[in-house]
Structures are given as structure tokens and as C-alpha cells.
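The structures come next, written out as C-alpha cells.
Look for chain A in each of the two complexes below; its partner is chain B in the first and chain C in the second.
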Partner chain A sequence: MPNPPPGLSERQFRNALTQLEEIVGREWVFHTDEDVALYRDAYSPLWGEDEERHASAAVAPTSVEEVQDIVRVANEFQLPLYPISTGRNLTYGGSAPVYSGSVVLDLKRMNRILEVSERDKTCLVEPGVSYFDMYRYLRQNNIRLWVDTADPGWGGLIGNALDRGGGYTGTDFRDHFDAHCGMEVVLPTGEVVRTGMGANEDATTWQLFKYGMGPWVDGIFSQSNFGVVTKMGFWLMEEPEVAKQVSITVPRREDAIALVDILHSLMCDTTIPSQTSVSSPVMNGSNDPELVRLRSSGGASDAEWNAYAQSVGRPFWSAGFVLYGAEKVVDSQWEHIRDRMSGIAGVQFNETVTHRFPLTDDEVEAAPNKARFGIPSLNLFGSRNAPGQQPSEGHLDFSPMIRPRGEELIALYDLTGKIYADYGLTPSPAIGMMFHARTMICFHPVPTFRNAADNQRTRALFETLVTSCGERGWNIYRIHAHFQELGMSLFDFNDHALHRLHERLKDSIDPRGVISAGRYNIWPRHLREDDA
Partner chain B sequence: MRWSVLLVVFGLSMPVTAQDDTMPIAAWSRTAAIEESAGSLAERGRAVYNNWCDACHRNANQNAPGTRSLQFKYRGELPAALEEREDLTPELVEFYIRNGIATMPFYRKTEISDADLAAISAYLASD
Partner chain C sequence: MHAAQYTFATDTPEPTSAATATLGVLAVGYLVGSVSLALSNRGKGFASDHAGGRPCKMLSRRALIGNLCVTSALSGLPISAAFAAPSWRPMVAIVDKLLPGAPDMAARYRGARTEVQQFAGDPGKLWLQTIEPQLRAEPAAIAGYTSASTLFCLQYLARDYGLALKAHAQGVGELDAMAGSKSELLDLRDSTYSDRRAAYSWLLAPIRG
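Take a look at the complex of A and B:
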């Protein structure tokens, strides 16, 4: 049996577990070493080291009433709980708690789709519902709505939204927290609240109007530890008549400036409705020595890069996106986009595929970019890509945000390419993703391993990336649990006034400090170094 | 040979249309909670497999990362698709589900219970 949570004796811990078993049944309280090990972070950058975070036990309820009872037991024993939804937040900490010794509150068994309204284009779900589950329900019932999915389809609608994850489809849907409408939360005291219109028991618009009346509090339950979210409503996208997937290439490195400016404009005026990715077929090419030299240089000139691009016969940048809607509208949008881009010398336009909906089962299976059409999959997971090659073991996501400007995209990858090279690693692929029209999120995978020596280098690389980019104003939007203190430390206006506000909220809402201690560096008073 | 299973979808039992074994299962029909008493152990195992394993280990799917990875690993010496393997023992299946390998994570018991795990083993060991 694992060690009890810090501050609890073995006897207190056993008594607490006995009470939890009375709530959910013995089968659903996990406390053997073997079962608790399944709550480790499979991609932990601390795998097998003393500092790796471990749970002490896990408890898996099936109802909001059971969650309330569990929270009350946690208050009685000051038992730290760590809620997870589907528990698949890999690259950001998985199902392992931030505060080692916490009891994981595993909500996977709360997996009911409570409502889907085809007419209102909304749903209401519990935390264990995955993107696969929702897609299947819609397809099975011939409901012509899409759920915007995270890359891995086993992720949960609620968990991904609360960690502020994103997807690929329409503007109102791919920011998953922004796409929610109304939530139910078990507060750390055990009280249940509903937000927005849900606070009025007679309201017919809980999943339609976000704000209700008075302060809108939903935001404090994301990337935080102020409660256990047990229900959330989401807006679903109406299935379009067609979806035209296209790409635009430009030949020179400096063309990124005009390309991104025009894309930004076309997204702001809603001509382009989807997530737009700008990647470099040149920089993301094979590891030949000249490419490695250029990427590691920290600032090779446009002339050097353009000569290299010419030598490998590839356009420097490629932008990909999807147009959704009625076919004649989509065709007009595409014509307008080509007109806007036509001033860039050497620009080329490519129509990848046009889908008509609904798709047949074979078309669903064959679609290579499923998430862009609301189809969950696991296809993004890495595999060996050559005979004999060692597969990767995991990765962290370092995704700084920049302004939507080509020159900033170039400068970012100059900087990070050199940092990766300084640590002896191949630089990250270059890709700027416009989940929002007004920022680019630039994905950098940082590999993790099952050995301490390699992970030590990984952590040093990750920390250097965070601080170096932070110094240039390129902050991250989401971060692995181990680095949340570092990530939050960059938000330091007025001597970290925002962090102090978070702590004051924590002390008020969770006075016993039982929910997700340390998540996004928000610690309860009894665990804060300055107050301990 | 025909087969049928019962899946419990969000509390509602619904029959899945009987299909030939050779007929691929549509991508959308994967994933659902599996009723404990549905069919034989191997039949239930197939439903559990489709729910949790098929998205990565799908037969003959060039996009399935698990199948693709095993193609490179075995170079034709063993089938890349798990459903075509004849050497998978329950111990081996349990090891990978509970320990993971490379980017494949391990599965918690709220995802794949011990009973589900036994069913997957029975399915993969069956003809």
C-alpha cells in the first residue's frame, strides 16, 4: 500500500479510505501499489526519480452526490484530492497529482451524455465522456452536428476544456473552454453550484446563454483548483454541406510576413473559419547537415535559407485550413482568398480534398486529417517511422504564443532551433497554429524518456525554452504539471499580484485546501512556504 | 461466421448490427462502455478491443500508429495487426495494457477493468 498523504497517519488514511469505500463501493477505491501505479504520468519528465509525483490512492464515483460525499470526507481528514476526468492529459501531467500523496478523484465512470439538442446545437455531459463517446453518439443517432475534438480522441470534453485545450473546426468551437456554456461544480465544501443560466432552476437557456446575471465565474474553474466540475454544456457545430481543405504555399522565408498578415486578416473578417496552421516544408525536412547547420545557427539569413529552399526544391511556408459551408459560399470564399494572396510572387494554391456530408463509413475511415472534420482518432500518436528505429517514449508540449506576424514566427524558430541544438537535440518542427485569429500557438514537442539521465536534459531544455521565450514576451498558454510554478512565475505584473489573487480565492473557496493542491501553482494556505 | 454483441451506450442498451467477421468496423462504432454480461467472453473481448485498442491497432490501416509501429518493429516476421497474431498470451496482453510501451500509456481500471482485460485476452487468443 502506498504511503499516506502528507500530514495523515496510516490509521487516519485507512479510516478515510474506509469511508470512501462506503460511498462508492470497495471495488472503486484503489489503494494497492499495483492499482495506484496506473495513475502515474506515463510521459513524466521525472519518471522513476524521487521527485516524480505519485498518488496515494484513487476513488471513482458515478454521481454528483458521491462526489459531494467524497469531498466532505476529504474535508474531515484534510485529505488532498486530485480530480481527473478521462485522465488522458498526456504531455501536461496525465492523471498524476501535482501534490504527491493526493488521492486521485477519477471521474471516468461519470460518463453519461445527459442531453444533446439537435435543434439548439448543444450538449450537456459528465466528465468521463470522451470525444470518441460524443462522436459515436452523434453518428449512431444520425445527428448532423460535430463535436470539435482534441487531437487524441480519448480526451474528455470537460477535462480538455478546463485545461483550455483546442481543436480545429469552426471559430465558436475549437477553443474548447470558450465553446462551453454552463457548468455544475461541487465546491470544495461539498456544496453544488450551477453557473450562468443554470443558477435559475426554471431557465430554458442553460446551454444557450453563458453569462446568467452577475459576475461570470466560469473562468475561475479552468486551469485551477477551486472545485470539481461535474457537468458542462457545450456548443456543437452544425454539419456543413461541404468542407474544402486547402493549402497555400509561398517560396521564400520572408514571405511569411505577407502570408501571415493576410491569413490574420482573413480570419478576423471570418472568411477563414477554421484553425490555420503555418508550417515550413523546408525547416521540417530531413536532417541533412546543411539543414541542421541552418536550424542550429540561431539566425541564418533569408538569403542562406532561400538558397537552401531552392536546393531542396520546396516552398518555404505552407498554410493549411478548411472552409466549411454551402458549396457556392465556400467556392466564393476560396476565390476571395486567392485574390487576397495573389500579390505574393510565387504563391501556389492547392485543393487537398472537398468532403460532402454526411460521410460514409469508408470516407470517415479514409480521411487523413480527421480532427478537421470533427472526427476523433488517435492517429497523431507517434510510431516508429523506419525499420529498426527506436520509438519515442513520450513528450511534453512547449507551445509559446506569439503575435500573428511572420517575422515573429521566424525569430521564434531561430531562437528555439538553437536552444534545441545546444542541448544536443534535433530542433522542433516549425509550426504556428492559429487556434485564435489574433495569436499563433507554436507547438514544440520536447521528448521524455523512461530514464533519469535523458529526462534531466529534457527538463533543462524545457526550462530554458520557457524562460528564453518568456524574456521575449512569448508566454505559454498551458504547461505540464511539473513546470506550472515556472510557467506561472512569468505572470509577474505588480510583483505577482495575480498569483496573490489566486491564493486569496483559494483560501476563501477551499479553506481546508483539499482540491488539487498546487495545480497551476495555487497552493492552499497550509502548504504555502511563506505561510507554513 | 456471424457475430453480434450488445453495447451499453450511455445507459441505453442497443444491438450492434451483425456483421461478417471480415467486415471492418466503422470508425464511429468504436468506443462505448461494455455491458458485463454481453455474449461470450471472446465476443465481449472484441467489443472491448474495438473500444480501446482498435483506434491504434486497427488491421491494415496505414494511419493506425500501433499497427504501423509494429510493422516496422517486426519487419514481416510477425503480423503487425494484433488481431492476426497467434502468439499473444493473456500474460503478454496484460503486461502491455497495464504497463504500456513507448508512447502507448497504461490503462487504469476505470478504463479497462480486470474483467475487460480477460475478455480482450480471450478475444485475441480466439480464432
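Take a look at the complex of A and C:
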């Protein structure tokens, strides 16, 4: 049996577990070493080290009432709980608690799709509902709506939204937290609240109008530890008549400036409705010595890079996105986009594929980039299978956010390429993803291992990336559990006034500090160093 | 305390001398036996729920934990005997046709009267349309010939239905090799699996059979 949570004696822990068993049944309380091993962070940068975060037990309720009762027990014993939905977000910490010794509150059994309204284009789900579940439900019931899916699609709608994950389809849907409308939360005291219009039991618009009346509080339940979200509504995208997947290439490194400016403009005026990615076929090529030299240099000139691009015969940048809608509208949008881009010398336009919906099963299977069409897949894993491809290792995501400006994209990868090289690692592929029209998020995989020496280097690399980019104003939008203190430390206006506000909220909403202690560096009073 | 809650397999597999048999023989071994693990789960972990107008899976996490317990119990058995356990009879064998040796492996499974489903790189559709619906109805073993990455992925998905990795080997697996395999989550970063293009034979199975 694992050690009890900090602050609890073995006897207290056993008593608490007994009460949990009375709530959910012995079947659903797990507390052997084998049990809790399932909740380890598979990609932990601390694997096997003393500091690795472990659960002490797990409990899996199936109803809101059971969640309430569990929370009440947690208050009685000051038992730290760590709620998860599907717990598969491996690159950000998976199902392992931030505060080692917490009891994982595993919500996978609460997996009911409570409502889908084709007419209103909304759904209401429980935390255990995965993108796969929702897609299958829509498909089997011939409902012509899309769920914007994370990639891979094994994650849950609620967990991904609460962590502010992103997807690929239309503007209103791919920011998964922004696409939610109304939630139900079990507060740390056990009280249930519904937000937005859900606070009015007669309202017919819980999944249609976000704000209700008075302060809108939904945001405090994301990337936080102020409650256990047990229901969330989401907006679903109407299946378009067609979807045209296209790409645009430009030949020179400095073309990134014009390319990104125009993309930004076209996204803000909604001509481009989808997530837009800008990557570099040159920088992401196979690692020949000259490419290694350029990427490690920290600032090779445009002339050097362009000469290299010419030598390998590739365009420097490639932008990819999808146009959704009626075919005539999509064709007009594409024509307008080409007009806007035509001033860039050497620009090329490519139509990858045009899908007409609904797709047959065979077309679904054959579709590349499935997530761009609302189809969850395991392709991020499966793509590693193709002979000749070199898949990545287990990794963390370092995901700085920059302004949508080509010069910042270049400067970012100059900086991070050198940092990776300084740590003896191959620089990250260069890609800027516009989940939001007004920012670029630039994912950098940072490899993790199962030996302490390599992971020590990984952690040092990650910390250097965070601080170096932070110094330039390129903060991350989301961060692995182990680095949340570091990530939050960058938000330091007025001597970390925001952090103090978070702590005041925590003390008020969760006075016993039982929910997700330490998540995003929000610690309950009894665990804060300054109050210790 | 968990052991008291479970009815582990009582039909102890007959040891055989087929320690050097190939997976084809192994697959034949799946067909031996009559008591299904799945039966022992009925009325416990799996149920139907029509909330929202659809049957809703109820995850048998308990069965999952049981998997780990019995893995230890089986570790001393000759692997050929272990594979004869009825709960290790696969409902389907999935084969990644992009991998070298895939046709041979598919033929071996078919020769053992095991349904073969092939895919190309992404097992998502197979999971969504074939494997998960069957697991929801009744947990049963899955055999496979895939990359280590796909196996890693399927391990995560299948563990919510009470399946755990029982055996694996690189290439067209020999029983001997699989006998020494680990039963926990496959560690992709283990140097053993450093060649991501390599194919692996494996079996995910419920343990309480």
C-alpha cells in the first residue's frame, strides 16, 4: 500500500479510504501499489526519482452525488484530491497529481453524453466523455455536427477544455475552453453550482448563452483548483458542405513576415476559419551538417538560410489551413486569399484535398489530417509506424506564445535552436500554430527519458527555454505539472499580484485545501511556504 | 484486500511442451478452454446506462487492477500454458500492414482461426469501430502485430476495459521471447524499443479468466 498523503497517519488514511469505499463501493477505490502505478506520469521528467509525483490512491465515482460525498470526506480528513477526466494528456503531466500523495479523483466512469441538440448545435457531457465517444455518437446517430477534437483524440472534452487545449476547425470551436457554454461544478465544500444560464433552473439557454447574469466565473475553473467540474456544455460545429484543405508556400526566410501578416489579417476578418499552421520545410528537414550548423547558430543570416534553402530545393515556409462552407463561398475565399498573397514573389498555392460531406467510412479512413475535419484519431501515434519515419520520444510540450509576426517566429526558433544545441539535442521542428487568430503557439517537444541523468538535462533544457523565452515576452500558455511554479512565476506584474489573488480565491473557496493542491502553483494556505 | 474481491481463473491451463512454438501455434492455443473472464465481470464492472439515449460504458477499473495481480500469479508458468488460458483467446488480431512481415503474421492469425483486422498506421478507426464496442459489450483479449508506439497507445486505451499487456516480442514473436516480456506498460524509451520501425507481436488480455 502506498504511503498516506502528507499530514495523514496510516490510520486516518485507512479510515478515509473506508469512507470512500462506502460511497462508491470497494470496487472503485484503488490503493495498492499496482493500483496507483497506473496513475503515474508516463512521460515524467522525474521518472524514478524521489521527487516524482505519485498518487496515494484513486477513487472513481459515477455520479455528482458521489463526487459531493467524496469531497465532504476529503474535507473531514483534509485528504488531498486530484480530479482527472481521462488523464491522458501525457505531455502535460497525465494523471499524476501535482501534490504527491494526493488521491486521484478519477472521473472516467462519469462518461454520459447527456444531451446533443442538433438544432441548437450544442452538447452537454460529463468529464469522462472522450472525443472518440462524442464523434461516435454523432456519427452513429447521423447528426451532422462536428466536435472539434484534440489530437490525439483519446482525451476528454472537459479535461482538455479546462486545460485550455486547442483544436483545428472553426473559429468558435477550436479554442476548447472558449467553445464551452455552461458548467456544473462541485465546489470544494461539496456544494453544487451551475454557471451561466444554468443557475436558473427554468432557463432554456444553458448551452446557448454563456454569461447568465452577474460576474461570469467559468474562467476560474480552468487551469486551476477551485472545484470539480461535473458537467460542461459545448458548441458543436455544423458540418459544412465542403472543406478545402490548402497550403501556401513562400521561398525565402524573410517571407515569413508578409506571409504571417496576411494570414493574421485573413483570420481576423474570418476569411480563414480554421487553425492555421506555419512551418518550415527547410528548418524541419533531415539533419545534414549545414542544417545543424544553421539551426544551432542562434542567428544565421537570411542570406545563409536562403542559400541553404535553394541548395535543398525547398520553399522556406509553408502555411496550411482549411476553408469550410458552401462550395461557392469556399471557392471565393480561396480566390481572395490567393489575391492577397500574390504580392509575395515566388508564392505557390496548393490544394491538398476537397472533401464533400458527409464522408463515407472509407473516406474517413483515408482522410489525412483527420482532426481538421472533426475526426478524432490516434494518428499522432500511428504516424510513427510508417517505415522510414523517426518518431519522437516521450516528451513534454514547451509551448511559447508569440505575436503573429514572421520576425518573431524567426527570432524564436533562432533562440530555441541554439538552446537545444547547447544541451546537445536536436532543435525542435519549427512550427507556429494559430489556434487563436491573434497569437501563434509554437510547440517544442522536449524529450523525456527513464533515467535520471538524461531527465536532469531535460529539466534544465526546459527551464532554460521557459526563462529565456519569458525574458523576451514569449510566455507559455500551458505547462507540465512539474514546471507550473516556474511558468506562473513569469506572471509577475505588481509583485505577482495575480498569484496573490489566486491564493485568496483558493483560501475562500477551498478553505481546507482539498482540491488539486499546487495546480498552476495555487497552494492552499496550510501548504504555502509563506504561511508554514 | 483485492485478492479477496476477485475470482481469478480456476481453469489452470495445461502446461504443454510447446515452449518453442511460434505465434501461429500460440494462436491455436487461444482457442483452448471454455471459461471466459468476461463472464466473471458481468454484473460487476460493466453495465448499461441509457442516459442521453445511448448505452454508456461503465469502466471496470477493478478488472484492470485484477489484471495486474494475476500477472504476477502467471509469471511462473510456462508461457505456452499461460496462453492457453481461455481469457487469452483474442477476439481479434490487428495487424499494421505497413510493417514488414505483416502478411505473414496475418496469415498466421488466420491459420489459427483468429479474425484479422488490418490497418495502415493509425489504429484509431479500428479502436473506434471494432475494438472498443466489443470491449464495452464484453472484455476479451486482443492480439496484435504493430509498432511499439501503437501498442503503447492501445495499452492506454484498453486498460480502462480491464486489459493489460500479457506478452510481447519483437517481430513475429516466439513464445520463448514473449515469456520473458514485461507485463506493465511498455516503456517506449526502453532501449529495447529504440527501433521505432520495428514490429512487435503482442497480446492484451483480461486477467481474470
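The rule is simple: the second predicted complex is superposed on the first by the 520 of 532 C-alpha atoms of A that agree within 3 Å, B and C clash if a C-alpha of one lies under 4 Å from a C-alpha of the other, contacts with A are read in each partner's own complex, and residues count from 1 in each chain.
The working rule: contacts are C-beta pairs under 8 Å (C-beta built on N, C-alpha and C of every residue); 3 or more make two chains touch, one makes a residue touch a chain.
Remember, predicted model here, so these are calculated numbers, not experimental data.
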Chain B and chain C placed together on chain A: clash or fit? clash
Legend entry - Touching partner for A:G343 - first (chain B), second (chain C), both, neither: neither
Is A:I113 touching the first partner chain B, the second partner chain C, both, or neither of them? both
| query | For A:L378, is the partner it touches chain B (first), chain C (second), both, or none of the two (neither)? | reply | both
- request: Scan A:Y39 for contacts with chain B and chain C and give back first, second, both or neither.
  value: first
Could you say whether A:F449 touches chain B, chain C, both of them, or neither, answering first, second, both or neither? second
Review point. Between chain B (first) and chain C (second), which does A:T62 come into contact with in this model arrangement: first, second, both, or neither?
Key: second
Item checked: Contacts of A:S95 with chain B and chain C, given as first, second, both or neither -> first
Output check: A:R136 vs chain B and chain C. Expected answer is one of first, second, both, neither. What do you get?
both
Chain A residues where the chain B and chain C footprints coincide 28, 30, 34-35, 37-38, 42, 58, 60, 88, 106, 108-109, 111-113, 128, 132, 135-137, 153-154, 361, 364-365, 377-379, 381-389, 391, 393-394
Interface with chain B, chain A side, in the complex: residues 28, 30, 34-35, 37-40, 42-43, 58, 60, 87-88, 90, 94-95, 106, 108-109, 111-113, 128, 130, 132-133, 135-137, 139-140, 153-154, 361, 364-365, 368, 375, 377-379, 381-389, 391-394
Contacts from chain A onto chain C in the complex sit at residues 26-28, 30, 32, 34-35, 37-38, 42, 58, 60, 62, 88, 106, 108-109, 111-116, 128, 132, 135-137, 152-154, 361, 364-365, 370, 376-379, 381-391, 393-394, 448-450
In the complex, the residues of chain C that touch chain A are 1-2, 5, 44-45, 49, 51-52, 54, 56-59, 61-62, 64-65, 68-69, 96, 98-100, 119, 121-125, 127-129, 132, 146-147, 149-150, 152-153, 156-157, 159-160, 184-185, 187-190, 196-197
The chain B residues in contact with chain A across the complex are 9-11, 14, 24, 26-33, 55-56, 61, 63-66, 68-69, 72-73, 75, 98, 100, 102-111
